[in-house]
């Protein structure tokens, strides 16, 4: 089936999933012990204020009515107001989401490039010291929780050695670039402010690397084992056997088929980036969406929680679709829907 | 007329595995003349493919290890060549058709891409991109693939097994090699296709004057295609002869067993297999590796390995029944 | 061994198979290290009250005269700000980690595997579609996000954390077994069983399932590590175990405030997490290599 049909199917499915997710999170967030309105207004608020707010938020209506109101609002861009920040949730999203996206994208790029590179080198030179050190490193990377890395890095490089800043997205005194995407580094790049771009990257370095390490290690392992397996495949022996030079065999005929499993994992690893972002944001005090998410969750801020889950869900789905597209492009067997012959 | 194109001399190969060392090849000796067609017969696991991979030096060397021997191609010892030099031998000098065409073709690149790479690097001629493409299409047509242009842009997954094998043959021949090694080229194909492919190979080899080594476990194939036959067992050559001589007068007990195992149209009851199994390469039998299964084994057979004894110009056999020299 | 072969040839064969598997497994030093770690952690977890030097540290215990002591002979890993012995708390912490892994996997494996078997066997029918679509929906949701949200809106506790993680974990087993079962169902031995009139249950559980066991088992070993990791992340954020429960993640979170001066309060629990997860990872890899070799 063609790429377009594939894309279409996935989109329809994704919308379906988002619906299901919204229902799920909505139901869970409404069906909880405790009174969110009370929490928001405080114990001293008069009863009529509480009742008022409750009616305003439709909390006295049956569940499906509430859902309807929420959905209608959401489709019009109104996700309600956050009880925690007292602002429209959409405004919170606009403020906090780019910070997280920026961090996660940077971490993702670092993770993908270094993960594959390390894994490829390790696989190509199997059982040498290079391979063994990469394997040890990747074991440690996979096993250590990212919050541990974050703490250690902050401690070591932030406080003790002071090589990297330990808070904030930009050094004080540096003006933020105009708002295009909300991502400080990208905006700086797009408007030509290279010094600001550099500064932003410098601030992102520690949190991004702590985020990326787990996934990097994972990618390195998968790449290594795939390359190591494919090296023994007949089509490599065959290419060599016909006189194709070693460099060409490695860089072209070995690399492409080996990237396929790695890239498939990338989608999953990206999810882990999104998920672990909250840990890192907490530790580095990064003003991001995940930290906002944790705060609203701990405060039982219904609208915001629903919004956070939905936004992250959308991001995740988009990334997965992209990854699947790339894999389909790389691997003709998937594209052409091979019949299982002999 | 024909000088010795390939000479394998006393090849010993080991594989290091979890449990120890597999002593797979135990002194293989073989020669191929220019333009000659040699059949290499033996049951599965006897070391035929391993030997051929040594010739091309595509044996995976960390588990594998060539412990002794020489392989002379056009007078030079292939085992001593450096990387670049070996690369030059491959393709234009020696080409190989693998047993499983599906595994031998890279699934994520088109047929055309792979074919052109092979021609570009393997044929050792400086050809323009256009010329390479022309040659690729030409050779695809030569192997009787219909609609060569379309196959050129196809991925291996889109072709049937028989077509994939033809592509592999095309690739092997595209570099115009002096020696072609065909490793069980028809084993993974349907019986009806097998015949076609064999005929095709025959024709092409005739036309190009290439020397061929046919690896097979089928005596029938050998009978059709070979001039000279080598019979291999458990890592060593037990008998070799001109085809007719081998079939008229098989000498080695193993060869006799193989021949007996073939069902005969002229009656003779149910064919008997050879009792026993191929040896464990971790702990192979001492002396002649066939002796545990040999109906005519003698005391000396477990003590030392027999050397090849010529029985006339066109026949040689490694068996103490026919001579007394040991080989070490 | 002789008794076993007299008593039951089936048992004897199983014992032989087990011995052979153990032999292969033990040849790989890395796997053995993992096994040692896991057994060590398990032992400490089970016998925490008996083995830890200051068992009362695991609960509500305050002793300010001993607070914030660096590692010493008296307190091998030091004490925290309440005077509780870090080492003992870690031993008790292992209990919660292991419990998380065991509970989640127990809840998740059976339904996940059964669903996968059924979907794989009935591949192409509506049964397959329904099951796998539901699975896909669960898989399409960013895993941790859902767990977090569930934990958050319910009262944070160890139990709720386990429920949340289970809810997001089961689809992986279904997908794994689905892939295996749908390719196995075309094998000759399955068709032979069908033809001879074997019941569906027999085919699913006595023909197909045994061939999936090695993959399932490998995954379970690795998953123990992952679940423990996720559990500690949840606790770290405050959505899992609540103080004074000595959960390793909570301990790291508490200790993080006192870095770098009282480094031992956070670092040792962090190392404890790493060792546990590493152990399960190494075992899982060992199993994977073991089963792969068998195919060769």
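For clarity, chains are labelled A, B and C in written order, and residue numbers in each chain start from 1.
The rule is simple: contacts are C-beta pairs under 8 Å (C-beta built on N, C-alpha and C of every residue); 3 or more make two chains touch, one makes a residue touch a chain.
On a predicted model such as this, the values are computed, not experimentally measured, just so you know.
Taking each chain's centre as the mean of its C-alpha atoms, the one that lies farthest from the centre of chain C is B. Compared on C-beta pairs in contact, A-B and A-C come out with A-C as the pair having more. In whole angstrom, the spacing between the mean C-alpha positions of chain A and chain B is 53.
Chain centres here are Cα means. That of chain A falls 24 Å from that of chain C. Interface residues of chain A facing chain C in the complex, by the touch rule stated above, are 13-14, 16-17, 20-21, 24-25, 28-29, 32-33, 139-140, 142-148, 151, 155, 159-160, 271-272, 274-276, 278-279, 282-283, 293-294, 297-298, 300, 305, 308-309, 312-313, 315-317, 320.
Those residues of chain A that touch chain B in the complex are listed here as 126-127, 231-235, 237-246, 248, 253, 256-257, 260, 330-333, 336, 338, 341-342.
Across the interface of their complex, chain A is touched by residues 136-137, 140-146, 148-155, 225, 229, 232-233, 236-239, 249, 252, 256, 259-260, 266, 270, 273-274, 277-278, 281-282 of chain C. Those residues of chain B whose C-beta lies close enough to touch chain A in the complex are 53, 56, 58, 60, 62, 83, 87-92, 95-96, 98, 100, 102-109, 114, 117-118, 121-122, 124, 155, 157-158, 160-161, 168, 171-172, 175, 188.
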